[in-house]
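Below is one structure; the comments refer to it alone.
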């Protein structure tokens, strides 16, 4: 349904916009109907930028994003944009920032009605709203006519999903929607995403939390500093991580059943310090190699291999030994 | 003024503090009480507004003077510059503010002067506010090249020596009216307002609810007026008050140096004439003291109102 | 016993009355113990942490007793507490890393901070450098501005500063919440290192993330709506919790390995009660699947097993 092909995004920073800051480099992946794809990365990985590019909130520097065959860079005029947003919507991280604090929370529904359903009668609209709220397991009497500060984070996030459902969307960009919620409500919103995917929605689940990604997604894409380092079916990426960065990430996740020391040993993961503060080399992404069915890994550069101890420079100056399988 | 560093919520609480407060006090947010009425926040502001001494005091003075300026002229007759009585009379029961060297009624002049001062203030201030808002919102919302161009425009207007321009204009326009003066003031005093509004808009534009409005297919002007401006309403109101006060002062200065309207009268013009005809040396204090006090009272009261409003809208400044 | 807290009650002043944020906490911490304080937002964990060192403007001390190393801490008296702050009790506050003055170099800020405690910078400078090195920061961090440092570096800097005078008790309030998962690991390990090397005697680590606590804490205390729910050694809390809230909480955490298609996890329905007007009896009653008639009476926080405390009629 949605395909990214060699997408790049460069920001111009510094005085007079002189310096280039590449945020996304050469990223390609796709999302099909009825599946959740997790976009995993830490801060600075470019995952939010990709989400914004898909939602057309940020222009693409190079590369293409196609939605159902349509190149979204061609969506420029207002009516085209509105048609696009009928199919693609987003939910963001901070539920309290997503609502205009001086208005009631259900005003987000009214804006949709004004733009997309101007002719609908009151009762018809009320029926639509109730159906949407029902889909997200919210009781209308609890959430309508209230101000955002009177509702909890979980309710607000669900309201945003309900808003997206009002438009009968096909694709949802969920940008860290869980991270600001309490542990006991997180899983409910996550389960909601599962129900939506069963209805045929395609979801891009942007997150830094690997356990959540593992729980809900069919496929995962791991980003490091704007480049894809590993992607493929979730169980394969998590079960058999190949790239040193993925291994490091998995080894850093605090788990409830195992101590870090155990996990580190099992994964033979490099130290986080190996990845800290390194200026990335060139602007291009590394090519992806298929290591098994539906499991692609970026070829680590020679530098990376030596530094993370996966290869040793041959003493007589010849090419380094290949990485251990 | 409210800080634009972090996105400030309407009640002046930073997200960090809100997270701490909200994190520790969900009970405060959850309505155990019945749901608040629509616009409850506005009523809360009104509650504090009605109890703020500075706001009430300032508003009273301004309103009293406004009342005098509006209804006064109906009582004192049509032409303030008519020669009605003996010259250089001190205040008496016939002529409350005395008379000028030409026998004009100072009180009549004062009352008419008040009216024109308010007109200039409202027109000039209003025009400046409108221009400032358009430019500030556009620059803040669009950013990029549009912002750079508008910034340049703002800086140019800021730097132009308005007095020199006015002198040139005065040389070409033999007759100048109140409206022309107001337009001139409006067109030259907007830069600081545009800058301030642009800064506030910048901080609001990056908020998620603006992105959400975009995702709802709303057009840019709609987003600016329906999402961003309402969040800044207190700011805009205060900017208008300051522009009003500023316009009154500028008009008084212009009138004083003779670059004001060629007909009619105003407080500044009264002072101009008083100085021209040596009222100070002749001891005719009743000629220049009332207009001077009038201007001071209006502008001073407006500034005090501004301070009071800041307290009303920014809860941290309230003396609780 | 290093720290002993008895029936501590601290409320928040609000426009609508007092929010009973911390309503009777009683527990003890041994020397050298790292206790994790877990719970969701609004449970009172930050209030508990803060009240041990500094009551801010809106907090109101109601009753309770705090004893550190045998001495009673006068937490209701901010001026008297000054003698203890930084030297006996120290805190790494929430959002500390964003609270550093952006116009001051880190070294200058350190100097001023130490000066306010009447400690000469020169006397502690060698120790400071040693500790910076231990957490993986170089000396030249002191000559940088805060915005030149990454989140993890800032957090470690703040941690070194807070423990410079070797306090008996360190309260670490949500030190990992704004960090990447790889930096989290480094920061949390550095924290444990402080205890292992004896810079700090005991620690209270406040977080909502139970899995972090499993990695470093010796014991975990779970709070709910201002009251203590359960306290036990870390292993026990995770493997065999007795309080229904703890059980449901742990059951709702997705682990690497659990998948939606295989096992559907469930959250806890409902919301925590209002702290302005909390219900009588057990505060978890409305959401608890095991609630019965006796829950209308508040269960005491008692020892149900060796070193294992719980506040539930069914747990005893």
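By letter and in written order, the chains are A, B and C; residue numbering begins at 1 in each of them.
Quick note on the criterion: contacts are C-beta pairs under 8 Å (C-beta built on N, C-alpha and C of every residue); 3 or more make two chains touch, one makes a residue touch a chain.
Quick caveat: nothing in here was measured; it's all calculated off a predicted structure.
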Sort the chain pairs by how many C-beta pairs are in contact and tell me the top one. A-C
If you take the mean of the Cα atoms for each chain, which one ends up farthest from chain C? B
Return the distance between the CA-based centres of chain A and chain C, expressed in whole Å. 31
In angstrom, rounded to a whole number, how far apart do the mean CA points of chain B and chain C lie? 51
Centre distance in Å when chain A and chain B are each reduced to the mean of their C-alpha atoms: 48
In chain A, residues with contacts to at least two other chains: 152
Could you check chain C for residues that touch two or more other chains and list them? 41, 271
Of all residues in chain B, the ones touching two or more other chains: 22, 26, 30
Give the list of chain A residues in touch with chain C in this complex. 42-43, 152, 182-188, 190-191, 194, 208-212, 214-216, 234-235, 238, 248-250, 252-257, 259-260, 272-273, 275-277
Using the touch definition from the top, list the residues of chain B that touch chain A in their complex. 7, 9-10, 15, 18, 22, 26, 29-31, 35-36, 38, 41, 207-209, 211-219, 227, 230-231
Under the touch definition given earlier, write down the residues of chain C that touch chain A in their complex. 40-41, 136, 150-152, 180-186, 188-189, 208-212, 214-215, 238, 248-250, 252-260, 264-268, 271
The chain A residues in contact with chain B across the complex are 55, 57, 78, 81-82, 85, 89-90, 92-94, 96-104, 108, 111-112, 115-116, 145-147, 149-150, 152, 160
